[in-house]
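What follows are several structures.
Note that subunit A is present in both complexes that follow, paired respectively with subunit B and with subunit C.
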Partner chain A sequence: MKFHPLTWCIWSVSALAAAFLDRNPFLQVALLMVLINAWLPYRERHAVPHWKLAIVLATVPVVFSVALSRFGHHLLFSLPSIPIIGGAWTLEALVFGASTGMALLLVIGAFAILQSTVRSADLVALLPRPLYRGGTVFALAITFAPQTMTSLNSIMEARRIRHQRTGWRAAPQLLLPLLLTTLERALQYAESLDARGYGSRRRSQYRHPVFRLRDAVVVAAALLSLAWMIVAPAAPFNAYQDLVPALPGVAGLGGILLLAAPAALSTTHRGDDVAHRV
Partner chain B sequence: MSLIACEGLTYRYPGAETPALRAVTTTVEPGEVILLRGPSGSGKSTLLRCFNGLVPHSTGGRFEGTVIVCGLDTRHHPPREMGSHIGFVFQHPEAQFVLEDVEAELAFGLENQGLPRPLMRKRIEEVLDQVGIHALRRRRIATLSGGERQRVAIAAALVMHPQALALDEPTSQLDPQAAEDILQVVARLVAELGMTTVIAEHRVERVAPMVDRVWTLDDGRLQDQLPRDALAGGGARPPVVDLAMRAGWTPVPLGLREARAHAGRLPPLSAPATQGATDGPVAIQADSLRYSYDEHPAVRDVSVAVRRGQVTVLMGRNGSGKTTLLKLLAGILQPDAGRVRTAVTAAYIPQDADTLLFAGSVRDELGTLPADVVDPFRPWLDRYPRDLSTGERQQLAIAVVAAGAEVLLLDEPTRGLDPSVKAALTAFLRGRAAAGASILIASHDVEWAARTAERVLMMADGEIYADGPPRTVLSDSLVFSTQVNKLLGAGWLLPEEVPV
Partner chain C sequence: MHTSVHASAHRVALIVDHGVSWSGARLLVRCLQFSQDAISGLALLELAGINSGQPPQVYDWGGGALTVCQVDREPRQIPDRCFGPTSGPNWSDWHRSAAGWVPRTSGATGYTVRDGDTEGWTYSSGFGAPPPSVEFSQVCRAPAAPVASSVVARGSATRPAQPATVTTPRGTASPTPSIEALAPSASPGVQAVASSRTPAREPSGRPPGPPLVLFGATLVLLAGLSVWNGAVRRRS
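Now for the complex of A and B:
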């Protein structure tokens, strides 16, 4: 099922707010389930490596927290007095890191859903006319980022072919060819924009997304969820104060469940439709 | 009135010692189709870019003379104003796309013109039908094949309703069938809309039958001739023209259709002897290799032996699994199943040789390589590698990666190369094979493969389905056979071997 790009933008804001505000592990798991269900109808073949990357990124706070924090009473083990990482490693630090990592994973997940469901051209079309040119540049930058990653992969592969380093220590050697390739591509983009009349006169807009009843339902649910989380926030969780999180109440869980509206509507809808009128 | 008129056009890139174009004077009349040919670095792309004002507005440099396109002087009208008069299709279509999906991409140029939405819709529907990409309209560009991308690039240029089209090597990255499809689109535009077209192309046999004139650029100087005069005169020309010159056929045929009348008068030709490939010792043995990208199988159960002293060409349409197989043999990818047995060093040269060159000068790239490797590059030692021509960069990449390797795995090495550089590459590879190296090349270039290979492997859908000498594998195929074979059949591949 397709929703209006504005619907996804509003839903994403609410999902991001939930990811930032709700640190209770039960609510975090509930939000993760909601995000997975919202994403499933739009999953793409190459999505798995992105999720792997997200999980790797989410483990960073765990490692940093447990290795650097010396607070907490539940001792996991103790290292001799090695600079920075020496001393007591605690369960509280581990759980605090896991909670932060989970929040990071949820934020990445919300952005991933936005990226899977809304095309940059649709986002640009949402912008007011005075911002259109800036928006187009923004859309170009979005398209540019994956190509830069492709270039980086090509350069790393080329270095491996030449039996040269590709790790962090090779970063300076990777940076120059990446910069050159990116600049060359930027020049090609600029030429393509120029050749296709970009900036020659006041632009018109081709796409006109249609806002339907189901969009209104999702937007209402997302805004209600946001309001709920602000007006009646769930009980905060801090592992250093209490390792065992409190069970969330109906109010806390309700805010999260409202975000399941797109997934719920998708399960009741069969077949695809065209969400754009041009 | 001429649609395009160049008068005394001389252009020098910033910092260049010599001009890229020298005193070019020519015209293009409405509805004409021009083939632009010439060696790599002769100025073909530069001339095409003069037509829409990218030269000099984007490039800078010293520009003399005038280029008038559709009555507009490109010196006073920048590319953004020329875009609606002349459509430009770049050599690499991916460099042209600015948005993510096909329909948005087609609309981009129209939005820039400020057209009302109903008119945009009408234009887009028309161009989708003209170019035959209706089924792709909602696809993301990243998911399209090379041929599909090229068709979208042509559609994005056509949707602006230009009076002329400039195509810069539109088929250089495509397999024979995809290239044929693109040229069919161009032929249809010419026949049905009378579209004025200037097309730069190395593989001239693909376009020669449909052109009105041939422009030959050499060192920036343009020669404007009728097709028969130009192609009979020398330079890149179709194999049937080579055969016609040898056989004394007049008028010289430009394509297979015209050549058939002459070929019908030839005495019956018996099939040439088929030479088997030399059976040297095995350098790499692959057994039951499998590899998938996510859940999409790219290589399925492939077993193949790469032998010493042999030049083998691996052919197949875009996406058939050729590059993946080369990477598996090179050890860059690890197979999901099966194994690769080798005791020698293998060098893999990817499609885009630029990625292998990242030093500040050719001297730095070559580093401490032996003198015999460095010697051919002495004239360019102080040059920046990415400023070299396509052919020169290819040679340098092969030198730096493959200097000491006993197995060379090359991916599309002839892409964008002119015939003389291809001939030099053939000689180089044959020399390395004669010295005992094993060479495996993934290529779409049937004519070059027929000249270079001792053995041809055909791949489709991740499997090798044919393996043998070129005369056997490249014969009697609608797609992967040479022009001479399509004309004469019976195992004849090249014009010089036909007894006429």
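Now for the complex of A and C:
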């Protein structure tokens, strides 16, 4: 089922707010399941590496917290006085790091869903006229980063084939061709924009995204969830103050469940609205 | 220094939380009374007399910036220049506000405490950990006829506190895990000594049954939705 890009943007803002505000592990688990539900209808074959990366990133706060924090009352073990990592390793630090890592995982998940469901061109098309040109340039500039990395890898591979250095000592030899490649691509972009009449008027679209009733339902649910979280926030959780989190009530879980609206509506999918991407 | 039992009714609650490796009484809770309108944090520690009756050991960094190095005889050996190695544990002081514990940002002589304040000292590494959640009313109850001293054991919190003589030497490593002594005590001085490996927790007050069922039902609902979505996607 295809939702309007604006719907996904509003839903993502609510999901991100939930990821940032709710540090209760019970609510985090519920939100993770909601995100998985929202992502399932749009999953792709090559999406697994992204989740692997997210899980790796989520473990970093756990490692940092438990290795560097000396706060807490529940001792796991104690290391001798080694600089930085020496001292008492506590359960509180481990749980606090896990909570932070989970929040990071949820944020990455929300952005991954937005990336899977909305094209950057659709987002740019949503911008008001004064911001349209700037938004287009910004979107193009963002695409330069992965393309520059691809170019760098190609140049390094070419040097390896020729048995030449590719490490940091070869940086001057790597930077020059990289700069030339990037400039060349920028010129190609400029020519292609010119050929498509960029700047003369707003970009035309083969099929305009339509804001349907289901979009209104998802937007209403997301806004209600956001308001719910702001007006009646869930009890904060800080592992250093209390290791055992409080079980969430109806208010906390209700705010999270509202975010499952896109997943619930996707169950009514009949295959009649395949995305037309131009 | 000793506690002024018959001073006027300016009272401050003092909580001293030892580090995880401390073998003795982990948590010390005292209600201190003084006649002045306000006293410094260092004077409060001196008034408590918990460093074996001696003033707390301090290190002067110059300019009046005094750092407390030893409270209640922890650490046994004071490190060089108070802190020792970079990652070494140290004492940090905290002030209880309406929002919870707030760390003090000045030295022990850089602030004053007044009637009704709650001060906490914790021994930990880095920038310090807040003391356990203890309210002023849990330490200092409404003023009553002065008594010399008392020890209130767990389980007797609902009964009127029975005046008794302190038998636990202050700061000793006596294993008294059942004594938590967080019941309010009106009498100032050495009346409350808590001892436990873990800090006291406030009861949640609500049975976890209905919220647990609600959370379980939410997870089942979301899991069912996942299965349904997977089936729909396979069909299409």
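We take it that the second predicted complex is superposed on the first by the 209 of 278 C-alpha atoms of A that agree within 3 Å, B and C clash if a C-alpha of one lies under 4 Å from a C-alpha of the other, contacts with A are read in each partner's own complex, and residues count from 1 in each chain.
Everything that follows uses one rule, which is that a residue touches a chain if its C-beta (ideal position, glycine included) is under 8 Å from a C-beta of that chain, and two chains touch if they have at least 3 such contacts.
Here the structure is a predicted model, which is why all the values come from computation and not from measurement.
Of the two partner chains placed by superposition, only subunit B is touched by A:Pro177; subunit C is not. Of the two partner chains, subunit B is the only one touched by A:His208; subunit C is not.
By the touch criterion defined above, A:Ile161 reaches subunit B but does not reach subunit C. In the superposition on chain A, contact of A:Leu193 is made with subunit B only, not with subunit C.
When the two complexes are overlaid on their common chain A, residue A:Ser120 makes contact with subunit B while staying clear of subunit C.
Of the two partner chains, neither subunit B nor subunit C is touched by A:Leu6. In the superposition on chain A, A:Met33 makes contact with subunit C only, while subunit B stays out of contact range. Remark: subunit B residues 52, 54, 57-58, 78-84, 88, 90, 92, 94-101, 103-104, 107-117, 120-121, 124, 140, 142, 156, 160, 294-296, 330, 332, 347-350, 352, 354-356, 358, 386, 400-401 touch subunit A in the complex. Looking at the complex, you find that subunit A touches subunit C at residues 26, 29-30, 33-34, 36-37, 40-41, 43, 68-75, 78, 81, 83-88, 90, 240-242, 246-250, 253, 256-257, 260, 263-264, 266-267, 269-271. By the touch criterion given at the top, residues 45-46, 48, 119-121, 139-140, 143, 146-147, 151, 154-155, 157-158, 160-162, 173, 176-177, 180-181, 184-185, 187-208, 278 of subunit A touch subunit B in their complex. By the touch criterion stated above, subunit C contacts subunit A in their complex at residues 19-21, 85-89, 100, 124-126, 128-130, 132-133, 197-199, 201, 204, 208, 211-212, 214-215, 218-219, 221-223, 225-226, 228-230, 232-233, 236.
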